[in-house]
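The following pair of complexes shares a single chain, subunit A, combined with subunit B in the former and subunit C in the latter.
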Partner chain A sequence: MVRVLIGVPKQVKRDEPFEVKLLISHPMESGQRRDAMGQAIPRDIINSFVCTYNGEEVLRAELFPAIAANPFLSFAVVAQESGTLEMRFTDDHGVVQTETVRVTVG
Partner chain B sequence: MSQSGDYGIDGRCQAALFALLMLLASACLAQEKRSGYQDASPETRAMQDDDAANPGFLWVQQGEALWSQRATGTLGSCADCHGSAPITMRGVAARYPMFDQKLGRPITLAQRIQQCRVERQGDTPLRPEGDALLGLTAYVGLQSRGMPMAVAIEGPARAFFESGKALFATRQGQLNLSCSQCHDGLAGQRLAGSVIPQGQPNGYPEYRLEWQGMGSLDRRIRNCLVGVRAEPLAPDAPELANLELYLGWRANGLAVETPAVRP
Partner chain C sequence: MLRRRFMVMAGVGLVVPLAPIHAVHATPAEVAALIAELVGEGEVRDGRVRLDLPVMVENGNSVGMTVSVDAPVGELRSIDVFAEGNPLPHVARFRFGPRAGAPRVATRIRLATSQTVIAVAKLADGSCWRDSVDLLVTLAACID
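For the complex of A and B:
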């Protein structure tokens, strides 16, 4: 489990885009570096990200080694009704982490 | 025109030039205190301004969890004695480094946390510059955000302050540079492509984009020392705390920005 910070407004307006911000604590090791002994440091990045709202996919992203450590993702979502925003990301070890946030349309 | 008349005009010109130079010099010396925030790019400033985009908050989050975590075999958590950090720790970080009566020397906030852990919690010290210590320090520091730095140098702290001040002005390393030459004398100008900041310590521990991580003022100073090719100070070197005491006093009045974001 890595540490995650999610910024979503608690209350949003129907059919009006709102901003979702996601900050993930991750080294995003590029695989290009070598350690003090000259050994290659294996690549370790978050390689994919999927966000769904009430089960419907709203964003899918592929991440690459050129992205800095502790990646920050920000995107807009439009909601018709209250529901759950689910964010799922996968790293190079195949570990999947899921974070959910409740969004209220008012 | 007589010779003496010529001298007269020259003298007046010299006097005027001298006055102008003095005015310029005093303007430079009386440079206003400037947080590194003001020298950062708009993008970096935006990162710091938004708590949801500031990566320093990942450490703050960890520190907040540690604050109330009671490790087995220890005497209690931070919260057991200090209660709610937003209330009890408000303004605390702005007063560090602080003179410790028992030790008889100034200590930094991170050293105080370590001291508390070992002496009062009966726990092992945290790894210096590790995520846990940075997190706790950042969490305590956050409670003073926006408050003016208020480092005291009166009384027994004075000697250590003077020693730190002297170190700041001492040329060192293969480049034979003192801290003061760049951070007092050339602040606001450029070193390669980057603006030389005044070196104000009001945002530590801070997230540096160059490090892609969080770091303490200790680390930043070691960074600078390596830069002038001097021998970096050990984490527990008393000179480091003295220098930080001087830097803290030098920043008095600037708002605490912990956790700051810097290039």
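For the complex of A and C:
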């Protein structure tokens, strides 16, 4: 489990896009570096990210080593009804982590 | 300015032998091939995409980037970003679903050197659009 910060407005308006900001605490080791002994440091990044709202897709991202450490993503979502925003990401070891946020349409 | 340039070059010279595994950077031709593969039969035109990146980058380890597309979000299929001077040129691919609220995405990227970064958007009608930014990187990523 890695630390994740998610910024979503508590209350949103129907059919009005709102901004979601996401910050994942992860080194995003690019696989391009060597350690002090000259050994290659193996690649370890979050390679995929999927955001859904009530099960319908918002954004799907394939990430490569050129994404900075502690990856940040910001994008817009549109909601017709209250529901759950789900964010799921996968690292190079195949570990999947899911974060959910409740969104109220008012 | 010249002196600063020299010092940057000298610094890079000192660090490089220790650093990257793929010391070779991607080339514009490689990126062109990747884009051709993405675009398929059609052609890629300039316009409708806006790639926001600073022209002068002090620290290539984390560079804020926003890509937006001048099209209804429902018609946007994907955005791809390529960095011609990075060891691995493909930066990211974003696909937009029915719940996306705007044809826009922002993230932070790594840049290994001064170079051209290209964003390509694919729309539902199959047309492809691009924008590019030439930028100067003072402190390169990947070598710390």
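By definition in this document, the second predicted complex is superposed on the first by the 106 of 106 C-alpha atoms of A that agree within 3 Å, B and C clash if a C-alpha of one lies under 4 Å from a C-alpha of the other, contacts with A are read in each partner's own complex, and residues count from 1 in each chain.
By definition in this document, a residue touches a chain if its C-beta (ideal position, glycine included) is under 8 Å from a C-beta of that chain, and two chains touch if they have at least 3 such contacts.
The structure displayed is predicted, hence computed values, not measured ones.
In the superposition on chain A, contact of A:A69 is made with both subunit B and subunit C. Subunit A is touched at more residues by one of its partners, and among subunit B and subunit C that partner is C.
In the superposition on chain A, A:R34 contacts subunit C only, with no contact to subunit B.
Of the two partner chains placed by the overlay, only subunit C lies in contact with A:V77; subunit B stays clear of it. Shared-chain residue A:F18: touches subunit C; no touch with subunit B. Of the two partner chains, subunit C is the only one touched by A:A61; subunit B is not.
Once chain A of one complex is fitted onto chain A of the other, the partner contacts of A:G7 are limited to subunit B, with no touch recorded for subunit C. Shared interface residues of subunit A, touching subunit B in one complex and subunit C in the other, are 68-69, 72, 74. Subunit C makes touch with subunit A in their complex at residues 18-22, 61-63, 73, 83, 86-88, 90-102, 104-111, 141-144.
The part of subunit A that touches subunit C in the complex is made up of residues 17-18, 30-34, 38, 40, 52-54, 56-69, 71-79. Taken together, the subunit A residues at the contact with subunit B in this complex read 3, 5-7, 21, 23, 25, 27-28, 68-70, 72, 74.
Within the complex formed with subunit A, the subunit B residues making contact are 47, 50-55, 57-58, 61-62, 209, 212-213.
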